[in-house]
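Some structures to go through are shown next.
You will see chain A twice below: alongside chain B first, and alongside chain C after that.
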Partner chain A sequence: MSEYILQLKNISKYFFGVPALKNINLELRKGKMLGLIGENGAGKSTMMNIIGGVIKADEGSMVLKGEEYQPDGPGEATDAGITFIHQELNLFTNLSIEENIYISSFPTIGRLPVISKGAIRTKTRELLDSIDLKLSPDILVEKLSPGERQLVEIAKALSSKPDIIIFDEPTTSLTARETKKLFELINKLRDQGISMIYISHILDDVLNLVDDIVVLKDGEVTDKGAKQDFSIQRMVSSMVGRDLEQMYPERTSKPSNEVVLEVSNLSQSGTIHDVSFKLHKGEILGVFGLMGSGRTEMARIIFGLDPYESGEIAVDGKKITKSSPQNSIRNRIAFVTENRREEGLLMHSTILDNIQLVSLREYAKTILKIVDSKKVTESIKDVVKMLKVKSGPVEKTAPKSLSGGNQQKVVIGKWVMAKPKIFMVDEPTRGIDVGAKYEVYTILNQFASEGSGVLIISSEIEELIGVCDRILVMSKGEIVGEFSASEFDKERIVGSAFRQNVRC
Partner chain B sequence: MSARKNPMDTKLQENPEKRMFRIPDLRQGIKRIMVSEYFVLYLSILWFIVMLPVIPNIASSRNLNNIFDFIWPLLAVCVGQTLVLLIAGIDLSQISVIGMTSVIGALFMSNRIDPNVLSDSPLWGTVISENGGIMANSMWAVPVGILMMLLVGSLIGLINGYFIAKLKMPPFMVTLVTQLFVYNLAIFLTKSNNIIGIPKAFTEIGKGKIGFIPVAMIITIVLCVLSQLLLSKTVLGKWIYAVGSNVKASVVSGVPRDGVIMFVYAFSGFCAAFASVIYSGRLEMGRPTLGQTLLMDIVGATIIGGTSMFGGKGKVLWTFFGVLFFVLLTNVLNLFNLDTFTINIVKGLIILLAALFDVIRTKIQANDTKVEKAGA
Partner chain C sequence: MSKTAIKFKLAILKNTPFILFVCIFIIFGILSPKFFQYENFENIATSASYIGIVTVGMTFVLLTAGIDLSVGSNMFLSASIAGLLIRDLNAPIWLALLCAVLVGTLYGGINAFFIVKLRILPFLVTLSTLVAGRGLGLLITKSQGVTLPESISNWGAVRVVGLPVPIIIYAVIALIAHLFLKFFPMGRQIYAIGNDPEAAKKAGLNTDRSIAFVYIISGLLAAIAGIVSVSQMGIVNAGFGDGDEFDAIAAAVLGGTSLFGGIGTIFPGAVIGTILIQMVQAGLVYTQVDMYIQPLIQAAVIFVAVFLDSIRSREISKIEKRHIRVEN
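== the complex of A and B ==
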């Protein structure tokens, strides 16, 4: 047997004549971890779908454990020892941990069609012990944190005793601590001899975790080799095909002293407590905090989606009396929510319908509120061009067929149409590739340079340090730290997010 | 088509026999018809043509008139149901609104009421008497009567909408209770009797013609066109689709969710009352049980048209096709002289098939976009 557990040889795949993969050669070493990176649309998912038996390659062959491997459907892939951990978790939140793990193969009592509760309980307990997850098997998944759910997903994968596990962006919804725990587990699995493929946009993680790296661009392997030979710089330039001098665009303007948004003593029991801050015109203000620190809740309250018990919100010095999304939009506040699928997009409508939604009223001045569709379409085309959204015709294309980065641009475009003077964005670059990230930062920069106040909520500290003028740190619903650009220091900012008592 | 040349060519060279059958083309054609928005119209035409040799009677002018007489009022109710389905709701109370507004109209317009029939009514002596209803023999009786019917219908819908939007109750539950409540209230008010003595000006709306064209057809088409314009051209229409596609995203985008929901249910009640004007006019009476058998026809025809029960997808035009197909189907079954039970069994099966077709069509469309996405 060779040292490779899985080999792809000259794999090509076409969709309606358009090549999605061209002549892919790839080797996964036994008991090692392979990092797969590439921008969205580079062909990573297509390749994984071929390995997972979801689609078939048009050309080329695969060798698994020394034998020809031609899976016919995902079931055969699982039987052959390959399992997936998907980016969007595929757990049933209304079922318990044990039921989720054995959903596809419940052990029965003898030959009766009755589930053997005892058997799944003991087996689940063994599995959970093996990954150090101290939870009772009968807890409902809806009660678990995203990190715990991810671990349950891994336990489920392990239940089929796989030789190869494929991780697709497993850390997107995890906190720093949960991520650390996941990585420890991944290293442990490798020590047990399981081979893994790890797909991620977070290049630091890939570099720390894997043994080999493969870079995909436009359906081709542009670079591969041992991890030791790679630097972040080399990974990025192989991915985007050019040297990306910086990850963050240059700021071209300075914040002014005029306050555009003032929040004073804002409180809502259970979520935020006594939050006060000022956002200036032309400023990019970052809010850093762990999940559950109240950062998203704060933004939702400011925007009028959730109520507050006490405190004050003032826009341009004017106190907001009745807080609602409609009023916020009238006050030119924009809010890009953290979850674009659930709260951002009409996935099945057209891009046009999505982008016009916020500003419809402005394009319908008559009493009958008839939308001036010609005018609105023109404005939308301008926005789409400005944001460089890569898509088919806006009147026909639905967001569900776009890549993550382009979907995010559609959400941003919706708010760009409304010409906001306060731009709140929650995790604006989650799950999108390096190139699209850079473009999102550029858009926010541009808004700041035109005099809008920008508020970025993020759990990626590098990102905030890269783009912000000032960073607030939240923990347990309170603002526990404030750093201006000259004091930016990764360790101190993260430290203050973890320890509420350290005031700066 | 030219875009997929590349892999197709290589494949065809490998299997030369395949080229002769041209299977992909036929399959593409069927696919295209199935995902076309005129699919149900094609189906109706096909049904008509296939049935023509079996029962030639189907094309007689009397039968054609009959078919269209059925279409207009049903279409009016279905337009309301379409909007409700668009926001992923359901309105089960429409059938009772039809009966209730039928009674309301008669209470205003009737010119003579038989004391032997209605003296038990709780309204006897106050609202109605031997001399007729509230506005008996007034020249304003008909306009006011119609106005009150539409008003009461909208109001019942608005109450539904209030419970659903503001109190966040499930539409199925709310409208089911309304159905029961309104139906029994109509029975209670009339002691389950019909109110006759309706002025001729009113019955003309249901039965009359301007030249060759039935009045019912004219007013229903106006209702349809205005509804479609509302959906496709106005801010409110865009909001309705948005709420149906993704409520959370709509609220974040400043769509007044509660207002949209209340409007849609009020409109649904309005449409039911609108249909009631036509139905009552034809019957020449106010009948509390009017419409009670229509629930399956309303929901069935709307869904056959292609409006999705999950919200965000649907058009008035589709509903027209759905109603057309449904009425044609019923008509043929009637011409076969089948009994009601058999007719309903077949109708049920057809609705099931329509739902199945909807699933298949959605799947085809989803596959197409998936391929596009992966190819991009």
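== the complex of A and C ==
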């Protein structure tokens, strides 16, 4: 038997004559972990769907455990020993952990179609013990944190006793600690002899975890080899197809001394406490903090989505008396939320409808307030062009068919149309590829150079150091540190975000 | 708020339907002492039984985030056919009733076909079959009431182990449905489909089969409800079952079933909801409220219950939300 558990030989796939995968050759070594990287749209999901039996390849063959492998439907892939951990969790929040794990194959009492509560409980306990998750099997999934839910997904995957597990961006919604725990578990599974494919945009993680690396670009394998031979630099250049000298664009402007947003002593019990800061015109201000440090809550309060009990928010020196999203939009505050799928986009509407959403009022100038749709469409096409959104016609294409990076550009485009003075973005580059990240940073830079104040919330410290003029650090709902560009130091910033956690 | 206070609040919020039930019960009792008599309870339960059976089927449908507006017409059509078979063709009663049940099941099957195979929205499908079913019923009965023989209208009053038969039929159906949803794989899968149909498909569940199943069950139970109702009234007239679909939806929602799918129970949910609605109707009669004002009060009760329910889910999620800061 060969050292490979799964081999793809000359796999090609065409959609309406357009090649999505061209002559893919790929080997997964037994008991090893393969890192699969590539930009959005490089063909990773197509390839995974072929392995998972969701779609069929047009050319080429696959060999699993030495035998020809031609799955017909996801069920056969599972039976053959291949399971997936998807980026979006596929759990039913209204059911318990044990019911989620066995939803498609409940253990029954003898031949009766009755669920054996005893069997399901014992089996689930064993699974949860094996991944060191200390939760009762009958807890409803809606009560679990994102990290715990991810582990339940893994328990579910393990319930079918797989030989191969494929992870697709498993860390996007996890905190640093949960991610660490997940990695420990992944290493443990590898020690048990399970082979894995790990797909991620977080190149550091890939480099830390895997044994081999395969790089996809435009449907072709552009680079592959053992991890030891790879550096981040090499990964990036193979992915993008050129050397990306810089991860971050050059700043072209300097912040002014004029304050555009001033927050003083803002408090709301349960979330934030005594938050004060100033945002200047032309400044890019970063907010760093761990998940659950109150950063998102702070932005939501400033934008008027959530109430506050005490403190003041002033825009251009004028105190905001009634805080609501409508007033914020009128005051030219923009807010790109961290969850673009659920909060930022109307997934099934067109790009056009999405982008015009907040600025329709501006295009309804006549007495009757009828929207000048021709003018709107023109402006939107300009925005789409400026942001380099890769999509079909804006009147017909829906965001759900776009890649993550292009979806994010549509969300940003919505606010570009509204010409904001204050631009708040929450995790703007989560789950999008290197190239699209660079473009997002460029857009933020452009806002700053045009005199807007930009507030960027992120848990990627390198990103903040790369693009910001100043960084605030939040922990447990309070601002615990402030660093100006000259004081930027990764260790110190991360340390200050952790400090309070350590002390308590 | 202290920890025990929060726990107390949670307990109240989680049992709102039940508390509302007890409150209304006591209010009617104070207004009219006769309300507390055993005969009255039995009356309420007997008249609740047919709507209760429809509500069980409706709960199945609502759990998948669907809706079945055709149940009232289904009751009318299947009961009419049974009546005509007996009256005009001298069919034996058992055969007529069996035919009624088959017609009702087929009716549900037609709904299921349009919804699952042709992918038409449940609301539109069942709205169409609501109109079509009643139309067909009126056509075959020539809009005239069909009187059933006394042998049928009598057994509505028959007692088994001291209880009227309608109550027993209802209790058995509710029990089976409850056990099915709680302990059968398909029951749990229905909850999964209502929660996230996409994820259910990805988990390899046969979602089409489960969705077809709930509409067929709803049709079957509507036919049984029709028979139970006929056994109490003795006649199927043109307005038979008209509007009952809304009583059933209201009862299910009062019992905590979500119109968005995935949330709801037969017991206590659907059962409490049904009895609550029936109790308000009976209570209004006992307290001699003007007949024309009764519907308004009923509507007010439904509105208050649904309103409380929306406040309650918001409050529960607020309490159970994880806190970032622990304030002293």
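Everything below uses one rule, namely that the second predicted complex is superposed on the first by the 500 of 504 C-alpha atoms of A that agree within 3 Å, B and C clash if a C-alpha of one lies under 4 Å from a C-alpha of the other, contacts with A are read in each partner's own complex, and residues count from 1 in each chain.
Simple rule for what comes next: a residue touches a chain if its C-beta (ideal position, glycine included) is under 8 Å from a C-beta of that chain, and two chains touch if they have at least 3 such contacts.
On a predicted model such as this, the values are computed, not experimentally measured, just so you know.
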With both structures lined up on chain A, is it a clash or a fit for chain B and chain C? clash
Compare chain B and chain C by how many residues of chain A each one touches, and report the one with more. B
Answer with first, second, both or neither: which of chain B and chain C does A:269 touch in the superposed model? second
Considering only touches as defined above, state whether A:343 meets chain B (first), chain C (second), both or neither. first
Is A:400 contacted by the first partner chain B, the second partner chain C, both or neither? first
Could you look at A:291 and tell me whether it touches chain B, chain C, both or neither (first, second, both, neither)? neither
Counting only touches as set out at the top, which of chain B and chain C does A:108 meet: first, second, both, neither? second
Chain A residues contacted in one complex by chain B, in the other by chain C: none
Touching residues (chain side chain B, partner chain A) in the complex: 3-8, 233-236, 238-239, 241-242, 245-246, 248-256, 312-313, 369-376
Going by the contact rule set out above, which residues of chain A touch chain C in the complex? 74-75, 78, 86, 90-95, 99, 103-104, 106, 108, 113-115, 117, 143, 145, 269-273, 292-294, 297, 476-477
Considering only the defined contacts, which chain A positions touch chain B in the complex? 14-18, 20, 41, 45-46, 58, 303, 305, 325-326, 328-329, 335, 337, 342-349, 353, 356-358, 360-361, 364, 368-371, 373, 390, 392, 398, 400-402, 414
Please output the residues of chain C touching chain A within their complex, sorted ascending. 183-186, 188-189, 191-192, 194-196, 198-200, 202-205, 262-263, 320, 322-325, 327
